[in-house]
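Common to both upcoming complexes is subunit A, partnered first by subunit B, then by subunit C.
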Partner chain A sequence: MSTPVASIAKLLTQPTSGERARQRINGGMRVIVGVSAFLAILPLIALILFVILKAAPYLVPTFFFNNPLDKEPGVLNAIVGSLQLSGLTVLISGPIGIAGGVYLSEFASPRVVATGETVIDVMLGVPSIVAGVFAYLILVPVLGFSGWAAVAALSILTLPIMMRSTQEVLRLVPQAIREASLALGVPVWKTALFVSVRTALPGILTGVILAFSRALGETAPLLMTARGTNAENWLDFSTTMNAMPIVIYQYSNAAGDLLIGQAWATALILMVIALTINVLVRGRTVNSRTA
Partner chain B sequence: MAGMELRRAGGMSADTLFRRITGTGVLILFVVLTGLVVAFVGYSNPLWTIQSPIDFLTSSTWSTGTIDESGQIVDALYGASGALFGTVATSLIAVLFAAPIGILAAIFLVEFAPPRLAAPLTFIVELIAAIPSVVFGLWAAGDLSNRLRDTIEWWIASSFGRFLPFLSEDPESPAADSVFRAGFLLAIMILPMVVAVSREFIRSVPISLREGYIGMGATKWEVIRDVILPTARIGLIGGVLLALGRAIGETIAVTMVIGNAEGVPSSLFQPGQTVASKIASNIGEASGEIAIGAMAALGLSLFLLTTVISLVVRVLVRRFAVTGGRA
Partner chain C sequence: MATEKRKTENSATGAKDELAQAAARPAAQAAQRASASESDSGRLTLDNVSARYGAFRAVKDVTLAVRPKSVTALIGPSGCGKSTLIRTINRMHETLPGATVSGSISLDGVDLYSSDVDPVRARRVVGMVFQKPNPFPTMSISENVSSGLRLTGGTSKSEIAGIVEDSLRRAALWDEVKDKLNQPGTSLSGGQQQRLCIARTIAVKPRVVLMDEPCSALDPVATLKIEELIRDLAAEYTIVIVTHNMQQASRVSDETAFFSMDDDRAGYLVETGPTAEMFTNPKQALTEGYIQGRFG
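Take a look at the complex of A and B:
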């Protein structure tokens, strides 16, 4: 039965050829963006699998507890060195960066904020090798190749990170609770410290941990400052120090499968530490945001 | 805003003290930046007594010269055009691959992926950024580089190499390292940054704009093409520029795969060097204020390049915040 109404309805519901083409393009683009997302995560999977594969045979218990020149070689001194260098770096750049972030968020005039943010942007863009060369030119002639020079170079890189993250999380603290505190007669400095900073503390600490992780992975600035050593160095920042990135870089150029294998093993240790820190910190931030 | 009110309420000496202490943090950052500029300008100065900045930028000869009978260094010439070429080539290759894939992946994450998939995918992409660059370098030198040589590089060289001089390669004996492979590795390393920034800006396009266009019968892709991409354009450009800055400064991973060869390579599939890799591999041997000056000049050019990019991004993103997108 074909009434005029039915044929009109048919015309309206059936897609025209132009409509079909648009739908086809839409479907095609859906596939293309999906493939792009897959391509974006493919390198991570490939890298992790390959590093594990190469590192596994060399990751024996002694590798964690011995030093390079021991009979059963290990990278204890590099692990210890990396933790010390990154630790001291956040101990120095942390307080300075947090202080600066507090000032920009709580006290600075709009003009100082604009200038400060521009300087932070510029400093965030400074390549790590530039910080390394700076320490090499200024500090190494005075202090020699040393942990101090390395910490200085790393601090230049982590300082703007700390300041930016502190300022950003303080910005999320509601203005009303600052005003409530001030209205109760609490001095400005106590309000800033025990209300604003206290509220934003988890976020500030996240920034500190991410800065630590960033310092842990830096290589180029360490090569021209801490330089690496085979000796174990506990807390003597005035002389050369070993670090995991230095070991990876130097051993990767070395002759012989043993050293190259150790480079892979050290890379796996470094990668696991860096990824664990990031998973823990970011996982926590995501949870607290949804809660 | 916040600061003004707090300041008016202040005035006590403890408050002033606290403000000074925190202000010192900002001051230190200013001092460090000033120190960087002064040090690089100062240390590079001796170089300009024997050659002009033009020679530095245009010559491809890097020679520490010889010492004549009187103990003077003669015939020293520090030309960085080979390194500058490598820096520009590797970072452009990186952006060429990372920009389209990163932006499309961000579109997938925001517009297509169901929330259950989008959250873990975003997380995984962010993890790539947490991997130290020396690990990327080790992986590339041990595995990725050879795969690229036998696939993409071989395909480009055999398709276009015959008529495009910069893309030629001898298929029988490809070089052990190449500029192209370093650039491709950089693409992987900057990808998370492109995805993260693009995702933020795509997300900030107001939902009402999308709904209006969908109400007119547009397909999902048409919404993306006609509404989201044009609205987020400035932010996307900013994100790509930021990633470009990262690629320009990346050192150790590039040093491990580019081959560290002097001069301007005859093809992208030949070994080369970048400004950063040149500093890393040469600074240990540099002695005397002129050779050190050449290193400082390389550092200064890196610093200037990345600073210009940071400032341009800042201006772009500011304009984005003013003109819309973020509603």
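Take a look at the complex of A and C:
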């Protein structure tokens, strides 16, 4: 017994009821996700606009080149303080974190790798306030409120980032490249350093830059360690230092339009630096993928 | 040429001496490398070699003698442990987690697995070319060739330039790349990359060159070039090549060893003999069946 067969022309051109419903659902979904996407970026746009509008009147040259107690007050000491703290954090946690990542990727046995990865996950999950509390209650009594205590707290946060990113980019290095080196009679450590790490170097540096950016924006640990100061501090990590997040936090609670305006202006500087870093890193990653 | 002079001075040095010499001084090492092609060494003997991945035995009791300065082809169906076997010869097998080797493999009478042979030194004497061309992506053409020398040390910069050219010439690549030595190795075509990898391998002056299906990723023209090269290299090196292509085995090899696997999927040597004989008049029915394309 054969069922009647519709003509091909009819099959192709005559819409069915299910088809109309599908088209309606399609259209509806399109609108829903479109509106959602717009809602998602709305706060970001609002934030950027607000920061720029509120900051603009206060972005005068003296703001960048003077210190808080000067006649025309500025936040130079916070800008240089932030760069010094983040810089030293990366200088200290960078080599250790990268070495740790290299160890996990190139030397460790599978069991050690599994343990190490769990430890990194836990460390990545440490809230910055916890790192701050640790530094405040354990390190500050010994070191005092100081750059060193701040750098220690920030390093707790950046170390796992550095280890993870190093391990991950090394994982992308083809095993065939390592074998090629070993088969030439190159020792394991030289293969790790001059072949694996060398091949993954752009990715490893990207991790360092992102860690720098992360350290730059951290607030809680700094409030509990470096504490902020009105003085300009160059490279004296044994005493208090100013930093942009500290200024933003303290000034926005302060009385007076000037300080609140300077909080906005500092926020804009911090945002521009962080955005620039992220865009640069993105550009690098895209380039290295297409190359 | 300086290297020529050194060769004549050290003409009697063999692989045995090089392996046995515990702490080779850089200068002596370089001299020995230079003399590699002159000595009539490179006899490879496999005795009851088994290779395992954890509990799984991939190669079972292989006993095989490889003549110096000849090409020996390892053929057989997929998964019969040919690649695993050649990776035991340069001690690369043991670099995988859980991988072990038993039995003995000796080169000119020196057991490559004895306690006074460092695996790193064994790999300098037994070079390897892989299935897929694997030039170092961050290095230029000339850096790729010199990588083994630079990373193992003991060769002066002035020597290296000469060795790079010499190795590229031997790998039949010099004329194609002499004007772009500073371009990335990965900018070359697949066939050129494989010849670059061969140049890189012979630059460290090994005595034995292992090739794991070196043409399987290449087109027929590139394959033919590599095959010609293998024939040329056989004048100086002992070559063991794994191939799935039986025409290739018959074209390039002097001896052929046929492998199969038993019920436990462990690879074993069925028979070995001069290539012409293996392809026209094999002793085992299994070999005949495989060669005539009835299985595998």
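In the analysis below, the second predicted complex is superposed on the first by the 279 of 291 C-alpha atoms of A that agree within 3 Å, B and C clash if a C-alpha of one lies under 4 Å from a C-alpha of the other, contacts with A are read in each partner's own complex, and residues count from 1 in each chain.
Here is the rule we use: a contact is a pair of C-beta atoms (placed from the backbone, for glycine too) under 8 Å apart; a residue touches a chain by one contact, two chains touch by 3 or more.
Small disclaimer: the values here were computed from a predicted structure and weren't measured.
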Next on the checklist: Which partner chains sit in contact with A:Arg198 here, subunit B, subunit C, both or neither? Use first/second/both/neither.
Outcome noted: second
Checklist entry - What is the contact status of A:Pro43 with respect to subunit B (first) and subunit C (second): first, second, both, or neither? => result first
Next on the checklist: According to the stated criteria, A:Arg20 is in contact with first (subunit B), second (subunit C), both, or neither; which is it?
Outcome noted: neither
Checklist outcome for this item: Between subunit B and subunit C, the one with more contact residues on subunit A is chain B
Item to check | Touching partner for A:Pro187 - first (subunit B), second (subunit C), both, neither | outcome: both
Checklist entry - Touch check for A:Ala176: first (subunit B), second (subunit C), both, or neither? => result second
Checklist entry - Touch check for A:Val102: first (subunit B), second (subunit C), both, or neither? => result first
Next on the checklist: Tell me the contact category for A:Thr118 with respect to subunit B and subunit C: first, second, both or neither.
Outcome noted: first
Next on the checklist: Looking at A:Lys10 after the superposition, I want to know if it touches subunit B, subunit C, both of them or none. Which is it: first, second, both, neither?
Outcome noted: neither
Checklist entry - Intersection of subunit A residues contacting subunit B with those contacting subunit C? => result 109-110, 179, 182, 187, 191
Item to check | Complex contacts: residues of subunit A adjacent to subunit C | outcome: 109-110, 174, 176-177, 179-187, 190-191, 194-195, 198-199, 201
Checklist outcome for this item: As the complex stands, subunit C meets subunit A at residues 90, 92, 95, 97, 120-125, 127-128, 130, 132, 134-138, 147-148, 151-152, 197, 200-201, 204
Checklist entry - Along subunit B, where are the residues that touch subunit A in the complex? => result 1-7, 9-10, 12, 14-15, 17-19, 21-26, 28-30, 32-33, 35-36, 39-40, 43, 100-102, 104-105, 107-109, 111-113, 119, 121, 123-128, 130-139, 141-144, 188, 191-192, 195, 219-222, 224, 242, 245, 248-252, 255-256, 276, 279-280, 283-284, 292, 295-296, 299, 302-303, 306-307, 309-311, 313-314
Checklist entry - For the complex, which residues does subunit A have touching subunit B? => result 22-23, 25-26, 29-30, 32-34, 36-37, 39-41, 43-44, 46-47, 50-51, 54, 95-110, 112-113, 116-130, 133-134, 136-138, 156, 159-160, 163, 175, 178-179, 182, 187-189, 191-193, 213, 216-220, 223-224, 245, 248-249, 252, 263-264, 267, 270-271, 274-275, 277-279, 282, 286
